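The structure follows.
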Amino acid sequence: MLIEFQNIHKYYGAVQANAGIDLTLEPGRIYGLLGENGAGKSTLMRILAGHSRPTQGRLLLNGKAADGLTPAGALGLGVGMLAQDPLDFPALKVWENFSLGKRRRRRETLTRLRDLADRFQFRLPPEEKVAELTVGERQQLELLRLLDLGVKVLILDEPTTGISVTQKEALFGTMRRLATEPDRTIVFVSHKLSEVEELCREVIVLRRGRLVARVPQPLRAQDLIALMFGAEPDAVTGTEAGPQPQEQPLLNLDRLHLLGEKFALGDLSLEIRPGEILGLAGLEGNGQELLLRGLAGLTRVVGGRLVLDGSELQGRPYLAFRRAGIHFVPAARLEAGLFPELSLADHVHLALPRNGKGTAALSPEEAIRRFHIQAEPSTPARTLSGGNQQRLLLSLIPPRLRLLLLEHPTRGLDLGATRQVWQHLVERCRQGTAILFSSADLDEIFAYSHRLLVFYNRRLVADLPAHSTSVEAVGRLMAGQERTV
Amino acid sequence: MEFLALTLAGIVSTGAPLVLATLGETLTERAGIINLSLDGSILLAAMAAVAVGLLSGNPWLGLGASGLVGILTAALVAVLGPVLGRSQVAVGFILTLLCRDLAYFLGHPFARKLGPELPVWSLPGISALPFLGVVFGRHSPVVYLSLVLIPLLWWWVFLTGPGLELRAIGEKPQAAFARGIRVHYLRIVYTLVGGALVGLAGGAFSLAVKPGWGRPQGAEGAGWIALALVIFGGWHPVRAALGAYLFAALQVLGITLQEHFPGLPAPLFQVSPFPVMILTLLVVNMGRTGWVQDLAYRYPGLRRWVNRWQATAPAALGRDFQPEKEG
Amino acid sequence: MVSWTRPLARIVTVLLLSFLVTTAVLVLVDAPPLRTLGILLRGGFGSPAKIGQTFAVWVPLLLASSALLLTFAAGLWNIGIEGQIILGAVFATGFLRPFPEGGGVFLVAGALAAGMVGGALWAVTAGALKTWGNVHEIFGGLGLNFVGLGLTLWLIFGPWRRPGVASMSGTEPLHPSLWLREMAGLSLSPVSLIAGVLAFGAMVLLLRRSRWGLTLRAVGQNPEAALLFGLRPNRRILEAMAVCGALAGLAGALQVVGVYHRLLPAISSSYGYTALLVTMLAAFRPQLIPPICLFFALLNVGSIQLPLQLKLDSSLSGVIQGVLVLAVFLVQGLEERFLFPGRGR
């Protein structure tokens, strides 16, 4: 099937996720789709798979316009997507998930499932609940289901997360075989360069919503990284960061194990000093959030120690962490961090009590002024734009802190606002607060961090001083490539 | 032996309305909708059964009326809830009060009249058996309906294609929608079907188990127990029905105990289902609190016990589903 | 200019719808619609005595609805309020039982305080079932309602029964010195009236002007964020329930001391459930609560006339109340989904 994207624009509110993408995909090939977080790859693929509709532009399948597509409609036309979080039913069994959507007798379903699973050497016990499967196995099941439905266009979104090497080999073998069949197209969305190099005939790179390049084989990792992250001279490192941190450690992690909802992050041993800024780099969902929440006291600690200012905090309740001087700012501002109907002034009153405990508290008017929030004290939080919500959240951070943890602090803010935020954060670090923040923007991480923690494949893979590394090197680490010293 | 058989027969018969209501609500909640109006709609349906039965002289028409009332109440929940986006809990609660008051108001002329009753059927063959014959052999048709529905619904929900779709809708409507399942339509259908069963439960009360109409009728509180039983039963038809029989046993036991211990106050027995209800809800819900989870983490034995008893609701229960808003 | 036509249209539609449905219901029982409604309304306001009775019902409704403002703000469905009223009545009666010869004003005050304790206790039990047992407050509250009712019945027919005759008319009446004095022929005590108004004012102030009230509202809107802010949501839930229960208990105690002067099986008269309807109808806008309570009280008192004059059941008042709230929901839903989709909550 011939796929044509014509001038695709997609806006989510004010955010432009896809900007004027013109792309043609021909059948019989495996395409790689590369790009950073927020580059627009998932958005584009969701449009192709019918989960979403473009704000502007058209999608043509075999020359016919595919407007108002739904997921079921796309499947009917032969387009199927294997998302990173598969839309499956965790409480139901494997064979039930396989057969849902297609009315068929149970015995037939089981036979078909077994045949397909054998063909790709997947081990999928039919009676097991899907919730018990690993993410990799869930993806395998979804893949089999799509193949059973006879999809012509198969989109795979980060399919190799959490599967074993043998399974990966089998998967790739399948992909190669499928691509040789007539009229089949495979789009392989990934950030793992080695795999993309191995599998794909041609690589499409997106950056900041735009199509940046189409690169045929032979592929070179350096070129791809440069295209994905933007070629930057290695010089810009830590020039904007605050003064060097003090010597005595503030926070000590000793073989800490954190247990999150989906996976565990293990064996972390770090030291953090007052006034130090650490940037957490890595693609979404690889452990940065878990670490931040764990340090805030919101995640269960199942091993090791967490010592702040000499006292052990692991196992203690959230309020103990707060009282010890730790503050956490979530990325989901309205859903997790604000009260929709309460006004800005209300938030200030709740966050910063005016009964001074020797600390100077902000008044709502001061908060608005100092953080440039475009609102009145009486404006309810839910009517604030994303950027203003973030500014509000930042204005609510208590004055004297030991440790400040921020998830994507400048997401959705323009350059001017970002600068203001960082001015404030750098001032805090000058006062001795240690800051950990996660960000999808490597430029930001490099501009403001003293040190970087790099996450890949749900593990902490590197702990580096910022001046000793470069965007390119970190990009490689994030993509799973070994660092060449 | 005779005594045991008679007691069991009493439990089967007393439990029939509760089983019907619980099974109906299980279906509705499996589709993701909460119909909180049970207590009121059972009363209204019971009243309708007596009224129509008396006016027409035909108890079967009365039974039909009760089913219809159940469907209509459920329709109100379906329209105001999923279709118009109001809180299902709020609408259900208002309807509970409204239906109860409506039942008392409209039923006033029929109070304490000798009501129509459904005939008692003797099952040929079975009623002749020594023990089972007494337990199952002579019952009102609604009792047989309740007995038949238990395996029937179990088969439907767990062994058929449509049943699988039902479970899918209650779990993750977005995923079901993505696979081409008609989520909105099916949610409404199951709400109505569940409502019909709830209505029939009311008819079972006033035409068989506690015949007649009055203020109070005797069916008060049954709807709330049924709602709790759905949770206690883990949204599984058989387990929920067993819970219903447990409560019926409590009631039957209560009557027997009252005769033997006249010193014990009557209110104790009338009220006893409700502490038991709270207890059952505690058992199946407690495992998800923080302090129990911490304990379970430290003591693996406790964890196994906790997991066995935990009831997990259909993930999308009570929540609005708006596929158009996605993407 | 356009801003007031929409609310007016809403109110008119709601009233029209409610009127139509009520008429249909009345027709079903062969009752003359207009005459019935007339008797209903006159029954509540027809004479000074009736007005006094209406206000006597207004007080517990006002107390309970005001209390519910707190729990609704905290995101709770306090269906258990009915039981909290009952327990307040029980505690108040229990407090006064050792004094069959009566006593002074301090005893009465003590009884009222005891009632508040009883209601608060009952409410906190439901709250604890939720915070420590994860039992939804609807079921916890309901279960406790029935238990409270059972407790009352047991006391009335058991340990507290009238010597010689155990009947549905309740316990031994209190000594007249323990009765709240009524205003001239109005069957309403100024103490009750003041209590109701003060409670309403206090709740509104608490909710809107105090830090605690703000914290409650935050917990109700976003428990996750409340946790992050260090607001201790579980603690707030228990506190809200306690205060709500105390006011409900006060309502129950006033019923004993001011209205019936003894403990009856139906001492709470469904005021708790009706109060829930009031607060839902008011869409949690406090200024609407006193007038709606008054209207509902009017309906309740008026409906007493129905069995006498028209041989109709008095539950018509409950029917009208329920229909009104449903009509509001219907109109809101239609507006949001079909007429003006895309508007916020």
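When the chains are written out, they are named A, B and C in that same order, and each has its own residue count from 1.
Following the convention adopted for this analysis, a residue touches a chain if its C-beta (ideal position, glycine included) is under 8 Å from a C-beta of that chain, and two chains touch if they have at least 3 such contacts.
What you see is a predicted model, and the numbers here were worked out from it, not measured in a lab.
Of the two chain pairs shown, B-C and A-B, the one joined by more C-beta contacts is B-C. With centres computed from Cα atoms alone, the innermost chain of the structure is B.
Put simply, the C-alpha centre of chain A and that of chain C have 50 angstrom between them. Averaged Cα coordinates give chain B a centre that lies 28 Å from the centre of chain C. One simple way to say how far apart two chains are is to compare their mean CA positions; for chain A and chain B this gives 45 Å. Residue numbers of chain C whose C-beta contacts span two or more other chains: none are found. Put simply, chain B touches chain A in their complex at residues 161, 164-165, 167-168, 171-172, 174-181, 297, 312, 314-315, 326-327. Across the complex, chain C meets chain B through its residues 25, 28-29, 77, 79, 129, 131-136, 138-140, 142-144, 146-147, 149-154, 157-158, 273, 276-277, 280, 311-313, 315-319, 321-323, 325-326, 329-330, 332-334, 336-337. Interface residues of chain C facing chain A in the complex, by the touch rule stated above, are 211, 214-215, 217-218, 221-222, 224-232, 344. On chain B, the positions that touch chain C within their shared complex are 36, 76, 80, 83-86, 89-91, 93-95, 97-98, 100-102, 104-109, 215, 221, 224, 227-228, 231, 265-268, 270-271, 273-275, 277-278, 281-282, 285-286, 288-289, 291.
Chain contact summary for the complex, chain A toward chain C: residues 318-319, 322, 328, 330, 335-342, 346, 349-351, 353, 382.
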